[in-house]
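Just below is one structure, and these are the notes that go with it.
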């Protein structure tokens, strides 16, 4: 349960105030506002605010005075055209702000996406809560034997138990000692900015994260991808579901052209042209390296 | 009059649709939405959308679950503290989108502010309107004799008339020939992307421009400044008035610490300390160059 | 001839000073340094400085202490892997600085690439030269009849002559009047920041432009593309030739995976899979719109 | 000792290769290249590459063809003018690349500076070394009693000993268990991307960090400031010493106008003007809040 009763009360209070506005408003997004969508064991994603809708994209592309055409089909065709031809600036005209609670090692990957605005909970200023990510049994994977930065089979039995025991006891001891160092009971108490260095990377932090739709799509393409680490992918997937309710046309185009799309090299396209004409192409006749050919075969064989 | 009746009708139509929202809403900003604030002879600034309010700044600074404290005075003190200590990220949590109509030479300065989103009316795709900036008599200034990139006295009489005549007739002829080259009447018609090269820099263009509040303040500090060119300064001033209605606390802090504030060098601060103690300091004893001392004296003498 | 004898002498002087360095140095790039590569009728691209080489990319990817592996083949394989899998940060570790002279309407497209550093010649501070882009006969194209933002057939005969006459005479008159307004001979002289507004968009400007290799590749992918306007494409092509001499491995990967590559949508990949298995697919059975299908057929039929 | 003999050998090897170049070269910076400047107990800063020098700043400001004026004093005056008047783009024309080894909690502050290029050692791909930051006795400070995000008096005696014992033993145990979880000896071995979550924030990481001079100055102004956390300040100070050798004129201007300078609000400037004229101003007559007045008195009294 990621929220305390006090936090839930603040959310309920925020959801109870209705205002009149003449801004672009999306009922599907209003339903998400402020709600905490649980992710992992203690994390969440909450929409705090949003700007724009599908029509705001086409309105900006046309630099128009009003809200654009009456015909929704025109908007959808234009949005798909913009996505297909990498006209990214109209998508930047939508903006969204999230409140995210996430383990520090996930935050460290996430922050690498630089074109976004961030306010993180400060462990110099405040004391972190005793909340640590402990993987569920089905996320406890061995090192991949084929991919240096991936995971392979599940750990099981005693090995799995031992890992969970390490993670839990080390987190717990680190937090106990964090508190002991901070304590001003009979001692001065270590500065918070120093004491935090004892805390492991599975502790939860939280931040406000604000991003435009183009850069959010870029984030989602990399982080909702099968090669992304599971622990950040679940956040990306939660956000995908929210974005689908916010800008359904743009999300549909993103899903088709980016998430579900494939970038083929010049060599790969040559092979495709030859294969479509009925030629049998092998790695030897493809001009590709073994690694590239393996990836190419994967793409041709598998709709994922 | 910057708007056609059709454009005004589109704006009225956009203003007529009221929606319910539980987002942060600012009545003073709702009043501005979609309205065209005239700037220069044919330009305008229109607010198309906004995200956040004063409370959104403190809410992000605190990474809080709800809408923050009950006490407004706490919010104001925190906002002033954040501004004074260059904590810029909470101000990035507010966002605003404008539709701006402006001469091309102003657009060329404006676009140098990179941390913003822009969609400009495309002269590859569309035909530009016959609208040119012709300075009002009180903006028709001579080259400054002391500042290589500034203006000095007003031009008057025959010289002023001749300048206006040049600007008007050259604009007019350039546009006539633009149309003549584009025309498909009895000829193929030059590509729009080529024909536009004949148009002078005082022709109006327009764009959607979206920016966060921190970067907007940076823009306003540089462009509402007395050293900025008059033709961009009037846009900045129009935006200042809008921002004051949107986030009055943040704008107040910006006005005091940035717009009205002064950056003094280490040497200048040493002089101030000596002068406050009653010492008489001259350029010779100040350690400053002649130019720096002149600027320093200007700052000490003059509240502007 | 884009350079005056004085300018050429300054370049020769700059090329005559040899220094010792222990930085990564690329002989092919040293040969380009400071030289003006002509583009269009008066423009050029000059390399002013560069940082890094192919090995700097792999060195950063490995966060290594020295200059990386001895085996060049390892470097090339890694660079191709990084490009194929969109690992963009190692490419950001190379940087290049150009001096570019270009028409204003080209500069206005170019500046839309925001992740770069720019210093433009200031027409507030200085007086622009009398140099205008006048298209060569084979660049004088009609508006495309199928693409709203493209060009079609060449203009010929009287129509072509008339266009050239308009461009030349309007430029010439605008510049005459620019000088007349600036003149302080018997009059005050209009401020330079105002007088420039009379100049058309085919006048040449110049700037220093500095960018990292990842963002340069992004620029080149969009601007060396067949859909880019010819007048910016020739700059992109000139830069491509330089980059091929600077980081040949990275450029090779870019050429194969980006310039020569194709992004296929999920629907298009489904069609490819069916076609490779021998199925005959039509637009009706493809799930694509008419426009998408036409583009898809173009990609399948044509190696360009 | 931050470097192993193998690492030192790689550095010596890199320093042994001298090349001819016609690029701008700074002997003072060549002396720094590749050398590890120790910071904290296991960290360092190494210059990997640099682009430009003081003259490159003025050359870009003038958009000139050659290497600029002969007179060095002109360059210095222009650089100081540019710094004083916030003309930041010429400073962006210099670029520097560092290899930095630093504790994770320092890295988390550092990465908030977004306008930079980063490649961090990947703990998904590789195994981290057993190196932890343990504060020296004179860095072991209590929480400040006046500043929520600062430190106060030194810890001493038993309290200091206990803190060091906690930090050392928790780090050591966490690393032991990290290794135990990774081990493939008689078990599958946990994925590296998961095992790393057990490691505390005082473990060392390393990255390549590349930034332009303007953004580096912004970083240094905030992080070499007395309010910055000590553990990041020592990195900023090490970089300050390097930059002073690289671009001495620009660094001198930065030191005077930014590091040693002060931003005074409009209200504070009014008080200064009154005080210089001999008026006695108190908080009550200043128009400032108690907090602002205290900061103002601090600035007036103290050259730091």
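Chains here go by letter, A, B, C and D, matching the order in which they are written, and residues are numbered from 1 within each.
The rule we apply is simple: a contact is a pair of C-beta atoms (placed from the backbone, for glycine too) under 8 Å apart; a residue touches a chain by one contact, two chains touch by 3 or more.
No experiment lies behind these values; they were computed from the predicted model shown.
Going by the stated contact rule, which chains contact chain A and chain D alike?
For chain A paired with chain D, the chains in contact with each are B, C, in label order.
Starting from the mean Cα coordinates of chain C and chain D, work out the distance between those two points in Å.
Inter-chain centre distance comes to 35 Å.
Let me have the rounded angstrom distance from the C-alpha centre of chain B over to the C-alpha centre of chain D, please.
Taking the average C-alpha coordinate of chain B and of chain D, the gap between them is 33 Å.
Using CA atom averages as chain centres, what separation in Å is found between chain B and chain C?
The separation of the two C-alpha centroids amounts to 29 Å.
If I count partner chains per residue in chain B, which residues reach a count of at least 2?
89, 112, 118
Connecting every touching chain pair, does the picture come out as line, ring, star, complete or other?
Looks like everything touches everything, fully connected.
Give the list of chain C residues in touch with chain D in this complex.
Chain C residues touching chain D: 3, 7, 10-11, 13-25, 30, 33-34, 48-52, 56, 59-61, 63-67, 89-90, 92-93, 95, 97, 99, 117-121, 206-208, 210, 212.
Going by the contact rule set out above, which residues of chain B touch chain D in the complex?
Residues of chain B touching chain D: 77, 80-81, 84-86, 89, 112, 222, 227, 255-257, 259-270, 272-273, 275-276, 278, 289, 291-292, 295, 299-301, 303.
Touching chain A in the complex: which residues of chain D?
103-105, 108, 111-112, 114-115, 118, 122, 124-125, 133, 135, 139-144, 148-153, 155, 159, 162-163, 166-167, 170-171, 173-174, 177, 180-182, 184, 187-194, 196-202, 229
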